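Heads up, the next two complexes both have chain A, just with different partners, chain B and then chain C.
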Partner chain A sequence: MSASYQSILWNRQKKIYDLVLVCFVVAYISIFITTTAVLDPDVTQETLIIRSTSTLALLLLHVILCIGPLARLNPVFLPLLYNRRHLGVTMFFIGAIHGTFSIIQFHSLGNINPILSLFLSNTHYESFIKFPFEVFGFFALIIFFLMAITSHDFWLHNLSPRVWKTLHMFVYIAYLSIILHVMLGVIQYETSPVLVVLLAVGFVAVTILHLAAGRREQLNDREQIEVKNDFVKVCNIDDIADNRAKVVALNGERIAIFKYSNKLSAISNVCKHQNGPLGEGRIVDGCITCPWHGYQYLPHNGSSPPPFKEKVATYDVKLVGKEVWLNPVAYPDGTEREPATIN
Partner chain B sequence: MKKWFPDRNEFYIGYLPNAPDGITRVIRKVILLLGIISICLAALLAWHQKKFSPANFEYGVNTDIEGFIFEDPIPHVLIPLGRDQLGQQLYQTVLLVGFGKSGSQNAIHQILKSGHGPGSKARLNGSLIYGDGKALIQIDKVSDITLIEGQIDHVAAVQTDESFSITGEIVDPKCYFGVMKPGEGKAHRACAIRCIAGGIPPVFNGGPDGYYLLVDESDKPISTEVASIVGDVITLSGKRMHWHDWTILQIDSRTIDELSAAKRWRENLLAFEQGMTQCN
Partner chain C sequence: MIRPLRKYHFYLWRIWGVVLPLCFILALLFRPASPSQYNPGTSDFAFAVKKLTNSSSQLTVELRNTLRAPSCLVYVSSGSDDLLLGTIDHKGSYQFEFPDSGKKISIRLYDAIHKRDIMQTNVSYDND
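== the complex of A and B ==
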């Protein structure tokens, strides 16, 4: 969390994250290249670069796609989510090395522009099996490029969280493009079933994790409460742990009711940073703290403490005996509301 | 699940110097597991690649060769190897290709025009490409060819079969015989198309003789006509001819047109029929 923009706001956790990532990348590429060169000395250096980077980028893409649902299913995975954008940018750079070397190797030094060659050499667009697989890889790389250059918070704020999130949801289109790129390319050339099996395992893992995380959200939202009059009863005071929240879905909006210092306050469940689930966060130093990247909001007005400027919607909450009642009509972002006092 | 939640009260905040102990312990195990899986995957994927061709491209290494240069049916140089038991001169054929994805027709035409025509003896300086008994040399520029004293006559190909059919795939010889690994199949199709479009003569890979140069009924090389069927498994028919250490398949160029068109038509029809069957 920062009040001004810096290229990277380094902290100890990020340094550890990136160090582990670099070690992982170096280890993977070294092992792939060494194993290939030892088992088959006839391989060329270009092929080693193209294949080691392609398989590594594919592996990283699967890890990236699994982190989101894993963190939703179990908060213990949140440290992996915290610096995921560095993982994404690394994956893009590795994919870009693969793409650049492939274009140089297979499409340059010909009688037309290498990028045009990518689209105009194999023109079997009418056939699924013979389809030019390079096109899928190219478009996926364009999406990863757009995601990488907009990964900084500067773009998140300037594009607005909604646009930014929508753009970054294109990762799923890119993922499907990559699956087609591999299936219609190298898999048609290789005779071993290993790559097909691994790709299938990866696809199934990504799909199952997303379905499981989605199912959990769906079950939470099923607790939807019928809205009558102004206030609705949402839970009992004992249902909320100290310094934590209960999330309720009312009229399609998720609202987090926090219990802290013998008080109750309700704010939107959606963090202004990356739409993180504030209701799964905690009260730390008197502030609601997002579990994804630690963005903070004051419970009584939904505003980030100065000098930060993020604000979320607030709601009226009251206590009737031990029953927690909530008015689902949102106040504008950052509106101060009197917390309900617990006697 | 308890193992994954050592303490439910632990809460991770990335910008704090240290993560909670319980979460740190679990994440360490996760990263270790991920590292082991990744290392195994790297080795497994490397191990299960298709074997690479032992063909060679002496990139960056220039070699001088001397021989007799011709531009028909495709640019090549004949290097004398000595005589056989019947006293006939034997030659090694080295196909001539240009830099990158280009042929050498223009360079050879220019040189032969300035000398004594086909069969002129020359010294060539270029990078050798060789594999599976075939050889090529990459000539980067016209000045890499120097005409020297000597000349031989063109040796005509000897027809051995009037009607001959083979099944296989069209490749570009420059990549196939050493520049690219792999130099065939779907992954290489676009590159092969660019090479052939750039003037590198296509070679048919298949049949009893292994490799065939393709010429039309006028003995002219077939090139861009085959672009749409490069890398496909196809059957070609024509006259088989032996020519030095190569075999030539002389085909009617209309056959290629028909083959391309008919192949696409058959595929489209098959796809349509399959679609109709599924609808029913």
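== the complex of A and C ==
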């Protein structure tokens, strides 16, 4: 969270995250190259680079796509989500190295433009099995490039969260392209089934996690709550832990009711930064703290503490005995509401 | 995440869950034969040997169909050592000169990329 734009707002968690990431990348490439060079002494350096970067980028892409649903299913994985954008940018750079060396090795030695060669060296566009798999990789790399250059919060603010999120949802189209790129490439040029099996395992894992997380969210959205005199009874006061929230789905959206300092306040569950689930965060230093990237809001007015400017909608909440009642009509973002007092 | 995005995610992954396994199945069903399993028949070749001088002869390889092996090296031997003559690939006639060594040679076609023999045959000749 930052009031001004910096290239990277470093903190201890981000440094640890990136250190682990760099160590993993270096270790993977070293082990891959050494093992391959020992098993196949005739292999060229270009081939080693192309193969090590392709498998690493594919592995990182699967990890990136698993983090979201894993964090939805179990908060233990939330730390992985915190700096996922660095993981994504790293994956793009490794994929770009693979793409660059592939174009140099396979498409730059003729007398036509290498990019043109990528599209024309195999013209079986009418066939599924013989389709030029390089094209899928090229378009996926374009999507990853657009995502990488817009990954900074500068673009999130200037494009608006809705446009930014829509652009970054293209990762799923890119994933489909990558699966087709690898699958067709392996089927057209490899004799070993190992890579196809590994690819299928990765794809099945990603799909099952997304479907499981999606199913759970769908069930949460279907929860029905009794409506009475505008206010809705949502839970018992004892159902909410101190400095935590109860999330309820009303009128199609989710509202987080926080219990803190013997008070109750309700705000929108959707963080203004990247639509993170505020209700799964906790109160830190008197502020509701988003579990995804640490954006903070004051519970009684839904505004970020100065000098920050983010604001979310607020709601009226009241206590009837031990029952918590909520009015699902949202106040404009940042509207101050009197918290309900717990006697 | 807002509700429309949650729904979009869920719909998308249900579609991907059907489309991608279908792609896998189609790809495996229609997988082209691997070049390493390619075995040309004897009818694809014709061999003839002609004596040129007292110390050399000429091997003619008539290739009736373009080879689908990525590389095909032609070796001859009359004793223990193989002699590399050259490569063949497209349909056509290929001539190779080699040191004369008698009236019978062994011809070996070798795929160097897959490290396997494509064909081995013996040819007898007598041009005297």
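The rule we apply is simple: the second predicted complex is superposed on the first by the 337 of 343 C-alpha atoms of A that agree within 3 Å, B and C clash if a C-alpha of one lies under 4 Å from a C-alpha of the other, contacts with A are read in each partner's own complex, and residues count from 1 in each chain.
Operating definition for what follows: a residue touches a chain if its C-beta (ideal position, glycine included) is under 8 Å from a C-beta of that chain, and two chains touch if they have at least 3 such contacts.
Everything numeric here is computed off the predicted structure, so don't read it as measured data.
S.K.: Mind checking chain B and chain C on superposed chain A, clash or fit?
M.R.: Once chain A is superposed (C-alpha atoms), there is a clash between chain B and chain C.
S.K.: After lining up the shared chain so the two structures overlap, which partner does A:247 touch, if you call chain B first and chain C second: first, second, both or neither?
M.R.: A:247 contacts neither chain B nor chain C.
S.K.: Tell me which partner A:159 touches in the superposition: chain B (first), chain C (second), both or neither.
M.R.: neither
S.K.: Just checking: does A:214 make contact with chain B only, chain C only, both, or neither of them? Give me first, second, both or neither.
M.R.: In the superposition, A:214 contacts chain C only.
S.K.: Can A:96 be said to touch chain B (first), chain C (second), both, or neither?
M.R.: After superposing on A, A:96 lies clear of both chain B and chain C.
S.K.: Figure out whether A:342 sits in contact with chain B (first) or chain C (second), or with both, or with neither.
M.R.: neither
S.K.: Could you let me know whether more residues of chain A are touched by chain B or by chain C?
M.R.: Counting residues of chain A touched by each partner, the higher count goes to B.
S.K.: For A:275, decide between first (touching chain B), second (touching chain C), both and neither.
M.R.: After superposing on A, A:275 lies in contact with chain C but is clear of chain B.
S.K.: One more residue to check, A:73. First (chain B), second (chain C), both or neither?
M.R.: Neither partner.
S.K.: With both complexes superposed on chain A, which partner does A:235 reach: first (chain B), second (chain C), both or neither?
M.R.: Neither partner.
S.K.: Who does A:146 touch here: chain B (first), chain C (second), both, or neither?
M.R.: A:146: touches no partner chain.
S.K.: Determine where on chain A the residues touched by chain B overlap those touched by chain C, and list them.
M.R.: In chain A, positions 130, 184, 188, 191 sit in both the chain B and chain C interfaces.
S.K.: Quick check: in the complex, which residue numbers of chain C touch chain A?
M.R.: Residues 1-3, 5-10, 12-14, 16-17, 19-20, 23-24, 26-28, 30-32, 34, 36.
S.K.: Which of the residues in chain A come into contact with chain C in the complex?
M.R.: 128-130, 165, 169, 172, 175-176, 179-180, 183-184, 187-188, 191, 196, 200, 203, 207, 210-211, 214-215, 217-218, 221, 252-254, 270, 275-277
S.K.: Touching chain A in the complex: which residues of chain B?
M.R.: 4-5, 11-19, 23, 26-27, 30-31, 34-35, 38-39, 41-55, 99-102, 180-182, 185-191, 193-195, 197-198, 228, 231-232, 264, 267-268, 271
S.K.: In their shared complex, at which residues does chain A touch chain B?
M.R.: Residues of chain A touching chain B: 1, 9, 11-14, 20, 24, 27-29, 31-33, 35-36, 39-40, 42-44, 47, 51-52, 55-56, 59, 63, 74-80, 82-83, 105-112, 117-118, 121-124, 126-127, 130, 132-134, 184-186, 188-192, 194-195, 198, 281-282, 284, 289, 291, 293-294.
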